[in-house]
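The first chain written gets the first letter, and so on, giving A, B, C, D, E and F; residue counts start at 1 in each chain.
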Amino acid sequence: MQKVISFGEILMRLSPPGNLRFDQATSFNAVYGGGEFNAIASLANFGLKTEFVTAVPENALGDCVINTIRSVNVGCENILRQGDRLGLYFIEMGASVRSSNVIYDRAESSIAQIGTNNFDWAKIFKGATWFHWSGVTPAISQEAAGACLEAVKKASEMGLKISTDLNYRSKLWNYGKEPYDVMPELLQYSNVIIGDIDTARFMLKKDKIAPDYKNKDEVKQAFLELMEFLPNLDSIGMVFRESVNASHERIGGLLYNNNKLYSEKIRDVIPIVDRVGSGDAFMAGLLYGLLEFDENFQKTIEFATAACILKHSIFGDVNRVSKEEVINFIDNDGAAKVKR
Amino acid sequence: MQKVISFGEILMRLSPPGNLRFDQATSFNAVYGGGEFNAIASLANFGLKTEFVTAVPENALGDCVINTIRSVNVGCENILRQGDRLGLYFIEMGASVRSSNVIYDRAESSIAQIGTNNFDWAKIFKGATWFHWSGVTPAISQEAAGACLEAVKKASEMGLKISTDLNYRSKLWNYGKEPYDVMPELLQYSNVIIGDIDTARFMLKKDKIAPDYKNKDEVKQAFLELMEFLPNLDSIGMVFRESVNASHERIGGLLYNNNKLYSEKIRDVIPIVDRVGSGDAFMAGLLYGLLEFDENFQKTIEFATAACILKHSIFGDVNRVSKEEVINFIDNDGAAKVKR
Amino acid sequence: MQKVISFGEILMRLSPPGNLRFDQATSFNAVYGGGEFNAIASLANFGLKTEFVTAVPENALGDCVINTIRSVNVGCENILRQGDRLGLYFIEMGASVRSSNVIYDRAESSIAQIGTNNFDWAKIFKGATWFHWSGVTPAISQEAAGACLEAVKKASEMGLKISTDLNYRSKLWNYGKEPYDVMPELLQYSNVIIGDIDTARFMLKKDKIAPDYKNKDEVKQAFLELMEFLPNLDSIGMVFRESVNASHERIGGLLYNNNKLYSEKIRDVIPIVDRVGSGDAFMAGLLYGLLEFDENFQKTIEFATAACILKHSIFGDVNRVSKEEVINFIDNDGAAKVKR
Amino acid sequence: MQKVISFGEILMRLSPPGNLRFDQATSFNAVYGGGEFNAIASLANFGLKTEFVTAVPENALGDCVINTIRSVNVGCENILRQGDRLGLYFIEMGASVRSSNVIYDRAESSIAQIGTNNFDWAKIFKGATWFHWSGVTPAISQEAAGACLEAVKKASEMGLKISTDLNYRSKLWNYGKEPYDVMPELLQYSNVIIGDIDTARFMLKKDKIAPDYKNKDEVKQAFLELMEFLPNLDSIGMVFRESVNASHERIGGLLYNNNKLYSEKIRDVIPIVDRVGSGDAFMAGLLYGLLEFDENFQKTIEFATAACILKHSIFGDVNRVSKEEVINFIDNDGAAKVKR
Amino acid sequence: MQKVISFGEILMRLSPPGNLRFDQATSFNAVYGGGEFNAIASLANFGLKTEFVTAVPENALGDCVINTIRSVNVGCENILRQGDRLGLYFIEMGASVRSSNVIYDRAESSIAQIGTNNFDWAKIFKGATWFHWSGVTPAISQEAAGACLEAVKKASEMGLKISTDLNYRSKLWNYGKEPYDVMPELLQYSNVIIGDIDTARFMLKKDKIAPDYKNKDEVKQAFLELMEFLPNLDSIGMVFRESVNASHERIGGLLYNNNKLYSEKIRDVIPIVDRVGSGDAFMAGLLYGLLEFDENFQKTIEFATAACILKHSIFGDVNRVSKEEVINFIDNDGAAKVKR
Amino acid sequence: MQKVISFGEILMRLSPPGNLRFDQATSFNAVYGGGEFNAIASLANFGLKTEFVTAVPENALGDCVINTIRSVNVGCENILRQGDRLGLYFIEMGASVRSSNVIYDRAESSIAQIGTNNFDWAKIFKGATWFHWSGVTPAISQEAAGACLEAVKKASEMGLKISTDLNYRSKLWNYGKEPYDVMPELLQYSNVIIGDIDTARFMLKKDKIAPDYKNKDEVKQAFLELMEFLPNLDSIGMVFRESVNASHERIGGLLYNNNKLYSEKIRDVIPIVDRVGSGDAFMAGLLYGLLEFDENFQKTIEFATAACILKHSIFGDVNRVSKEEVINFIDNDGAAKVKR
């Protein structure tokens, strides 16, 4: 059985109830999530064996994170308890014509302060077949980037496949390095990435090309070029996302593999309950397909896109749907009848 | 003045708040409802004299049911207090692309355990003009089916008109009988039914015909054929319902009477607050029209369809709208302006 | 720096949570608002210096009103504490096909009982450049209409510009006067009004003309005619609003100035969080543009319409958006992406 | 079987959640209650046949009142729908050292505006054995006092027993009459009253005597004197209440009948959930005992005092306890073990 | 390291918010718990390795139970997914003078329907050192009693120590057996029991002796006698509990071992947040002491009593306190200062 | 009229609802407070003119702080908008035998990062008569301590009286300085301090003396000694606080002035709603008395102690009571009757 390991940060997310603005809130709903965790938790929901590696402070909020990891059936045997604070962020949920707003408060968090050699990667990867990380982690701090490099080297050495969600967040890169200083070395080890073409190019210090995603040949050509920069890369996935407004998106998906481009049609998603984590849900769907669908890449991109769409209907960061629910969605082409 | 009696089960319905999934809920909203009660409560809201007959346990939850019946001005003078438990069900409310899920927990409820001759139907029907029941009740248990038969026989004998919502729920028929073993005898007494054509045919042990509901002649022919099997039948009503997703339906209505087919146009209903009980709201609208609109069948199907549509905007099982609100909806063709 | 004064009533608004009907509510959400206050609070959010003049009772609810005024950075130095009760209203929020319902309970409120010469308008207007009032206030009582007249006379004498939201509420005019008995004198002093053409005509005791708002020449002609009745009038603004249902409106805007008609396109607003106060948000946007956009009337009507649309996404009466958010909305033509 | 009629006002009560102060509340919990209704609803809970007579406006809030009456199994066949507004009051619940605060907003309510001969008392009292009213009603308005007088005269004429809760609220008597102008005539018809000695004396325009309630002889003498002023009076009941703080009271009870004084010991009640309506709960307990306990006055005062104490543990105005629960409380002397 | 296994049922517990009565509740708070699980979860909180064995249905509510087990770090590798329903119960939380009320709805639950040989006890007990069960399980059904017997035999054979909470619930024993038909055989294997003397005697079919718990000699003598009936028994623990009212208890503890009686003083516990599971918390404290405190029985009874007391301050069934918090409570003798 | 200025940090406080533990919370209640702000807001409630000086980030959470300051009628004209984050803390509210727990997360907050000369103290103090600060601020960072020193020097120079709450929080002093390195210089300027004797001695680097607070002579002697170290000191106030458990404290007060010791008796406070900020409430009461009670020191300590006690009944950090409510508490010696 496949076992997937992931590494990254879990944040407390605080959001005003319903559609209230920050200055109307007398309480905040709290969930715990983060890109890499969201992906791995979704894989656990699909039935895979998983484990999450992170660092949290030795206090009750750190305990809350670990309870959360446990409750979704993700392994938590290799979590560091250190550092002074849990990273957190505030999000004001948008509605129709009003945007969501995010205020990050994650500086100096436990994971930003991990030093070298804190994780015993050889022990962590024992028995595992896949390692997943994202571009958020090397953006956090020099130390976090260093831990990423240790991890991908050891994973590669031990024969695990490696996937990466590029996830560029400009605000995070503020310890004196740019993504193109750090990511190219890290991405050498990746077998699968998700992200759009220009984000990948930026991280590899290539010019923007602003591809027309409706032109399949152009897109294939652009993906092909990316493959050339990254020798171990097999597959590139990408969510096609158009934001009509805060309650309405249009979502499709692309998967490039072995010089073929697979795509899933674009669907309207309306109304949106919570779009946070929908990219991570896509990532999990993609990994699940690559791991379990015997190189059926068309089925894989359909599954990944459906998983991404379903996430929009679920409160919180994690895609709380089973494999059966994703397949049921595909089989009914999204018509959501009462199950009774 | 018309007095309508109904008989059936009331369940406690437990649903996670808002759009939460079952495993995110730390509380459940509770309402009390059931197909037959929902219909009769809606008739009470329209201003008719009504009474509901059921059995509930002799405990505080049974009291809650009775308070609920009373609070919506439905009579509750003939309710049995017996049995060990109140039937209940859990519903996770879907949102946009995600379906609602129902978990029934109604086995061994008070009404499933009623014996023979527990209800004094002659007393119950005294002064009443109409009796309404649904296909859910005979599905619950042999005893419940027996009570139904006692009721329809006595109602018929005492000259009441009888209506039936076919309401086929396959999971409930598990006491060794199939609907076609039980329903044909019961339906002989019905003057009005609602349900789609193939459900009716299945209950009468006829082949499926999968009619094209957009072909009026075909539909009329199919209804005509049903009339032939059920000698007392005057009218057949049916909700036309297309589920776009969990937040969006398309609703219209059909009424067949005396070889004429009356229909109300299809409207988009978006967003949906709560679709549970919308069929019961249609039933109530239909009965109200048949009782009060002097054989104006077109007005009747318009009223029933509008009532059904309005129910989608109301939390809980019961259609909490007045006759005036239904008429106002029709008059404004659904444009819902602030009333002030 | 501009300083805007407004005068009117603030009510406690009580609404059942979410989409519940009045008879389902075991609690009511409470906010404090009123047309004139909503407009002035929105101007404060845009960064102008403001003050609100009203009367509230000398009890804890009066204190709540004053805390509310203060918390949105509106001045409250000239508020009378008198009278027995705070006006209030109940609103049941509609959803999709179901209308919102309003029950007013504002009779005999503090402001309805103010006498003559209670406000020292010369002191209030000192240092101010603009005075805003609405047609609600003279509708409340003879005394309130008298205070309005004192205010507009003094404001005019002291050289302030004056704006008026016509805001006709038929239910309020019940102290023996009709709008056309009172409003013509009051409106003589107005430099800016908002309201539709037939409302203005009715208040001026002119015949209804039911203009076709899609015919620009016809509309211009109608506005021109209005200008003739009101010698000080410079500008007329109007929200174009079409209610598809309680969750969906179509909103555009018109501004007439110096014989030119400026308009902003119609946009779909779906879903609606809370439409109360959206006209006041338009008023505030219009005033802000007139005060700050150097006679750029096209920019003004775009700003006013965008402010009005954004209000629909915000719970409560007041448009809690900044100038930057309105501009951002215009720049992105309403596509509400997550800000992070 | 006994049937008890009561007459008075039902108010909407709005209270901030938990222990919040008015200026911290963003919502208010809503219940519907009033002294006379609270008493009658409690009697219905004890199993008696009851009916409540009042006036409420013809709007959705009036409907809420009627649903409330119905849901507790009190008859509502003779309620007037008239007038503009439902009376309401705001209450900030105290906690430990902080007092509860009440803001009344009941002026010009439906019941304050009832005219003469609006109620058909002969029809209302048909089949009834007891009539209950309180000193709140004649305090509301001249019209309400007039209706009270009509009621007691007719009740007396038709042979009903009459009980009165003196309930002096100084703030309400503001239509130009004092209690001693109105109450003496009304009280002539009373068979039972509850209230303390000096309240009764004040209403009868006698001097205060400030009795020492621990001196039984003094108290008996004082009660005896009261009997002399009121020829039909049989019994006088009184709650002995000492407020330690907002979460802690000490409650006992006294009943005077036929020159004998019966008392129930004083118990500590801590913590208090909601003390509103505890006097009405005492009243109901007293009436129940007088009606059902075969002149066992000691049992009656024990039952009334226990009912009063239990009310302190129940949110809302109405004492939602059964007869069995009151008796169980007495039998266990207040030790509240889990029932399972 | 010690590993403790437990076996029993987990129920969904539904309780009205705060102090509301059942008929006031529009929602129910939901937690998952049961005597044996509460004890084992508390041991996991104290830091021991644990596992819980049970049966839950193959639906979303069964998933919720398993998530709950996981989230508190209890093993769940040997849980059966079978049967139609999750047992549940409703509890109305008492307050001060009003009792809590429980309505059980656990008939025909998954665990009541387990057959023979469904659990592989040899595999389950591998590596474990202790097995804990309670008298609730054999009361549920013949099958559940049979599974208990299989378990204790295998546990004993494999050298595990066995503890039992007697937990007599008369309402559950309704499958034709009495406790004294079933428990004596089961208890032969127990090394530790908790329960009061007369409950133990009843289960062993001995006469009641109603011991005076303040007389140490009498109590010792009674415990000694119990030891004689149960050859493997080492220790007997007992909570001393006096219910002043629903918000106030007086709690102490007794532990009998090797003819010595250890006791912890009685403390007032006021106010009580939630007393459900406090006996299980005592059980867990006792086991923890017996496992970890090197035969320091005085320290053990102090720890168990403190754990029991602390549970009263925690919402839900499980004692969510750490070992450090229990010790801190003892060290400060219950004075709960803010930790900052 | 007196105008009081204060300077310090405002934190967002996040607490699980009711009595839930951190790991049970799915939401957190949010209020904004801090020792110095709590004191000044309480003074504003008592009717004094006040202003608060602080630094908050230029984001929506900073806006929330400013709205909070405004809403309680405290001036906010001199607040810096700078720095990356708002300090925050999490508090789990204890109940009965369980302690409250605090997790601070205030490192690197806006105020910790203020530089030198950022505040124009001369402008700030213009027209003011009193400056209040606490020992928390110099503990935050070198910069914050520097700003304190600037402030007290300028305040002293401009003739303001200065008060200080010693408020020793050991966890905060971690920038390389100890309180006795910093506080002695700062305290030279104080006219009034509150704090217990050994805290003061520690900050002045004197030995602990552990005075017996029940021995008045010993206490007077100890206060006298403190006066000698601080030449400008006039008065020392102190809350006498004994924590029985998390729901029960015993509170009294001491005030030393001009070699006289004034005291207020100790009262039981039970149950406690929220004890956070009760020391600040005492501080505010003390200042109010010193400013307004014409050297009536006995009245001052009674007022301060009563204010402190009342705070325990109010949710949130700020003592939301008026001067009249404090006096009413004193006049009734704490018996909290309903006000109506």
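We take it that contacts are C-beta pairs under 8 Å (C-beta built on N, C-alpha and C of every residue); 3 or more make two chains touch, one makes a residue touch a chain.
These numbers come from a predicted model, not from an experiment.
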Which chains make contact with chain A and with chain D at once? B, C, E, F
Among A-E, A-B or C-D, find the interface that matches B-C: by residue number, over half of the contact pairs should be common to both. A-B
Far-end chain from chain E, centres as C-alpha averages: C
Cα-centroid distance, chain B relative to chain D, in whole angstrom: 42
Chain A, residues touching no fewer than two other chains: 21, 23, 26, 67, 101, 271
For the complex, give me every residue of chain A touching chain E. 67-68, 70-73
Applying the document's contact rule, which stretches of chain D touch chain C when the two form their complex? 14, 17, 21-23, 25-31, 59-61, 63-64, 67, 84-86, 90, 92, 101, 103, 105, 107-108
Given the complex with chain F, which residues does chain D contribute to the contact? 18-21, 23-24, 94-102, 104, 169, 171, 243-248, 271, 275-276
Chain F touches which residues of chain E in the complex? 267, 269-273, 309-310, 312-316, 320-321, 325, 328-329, 334-340
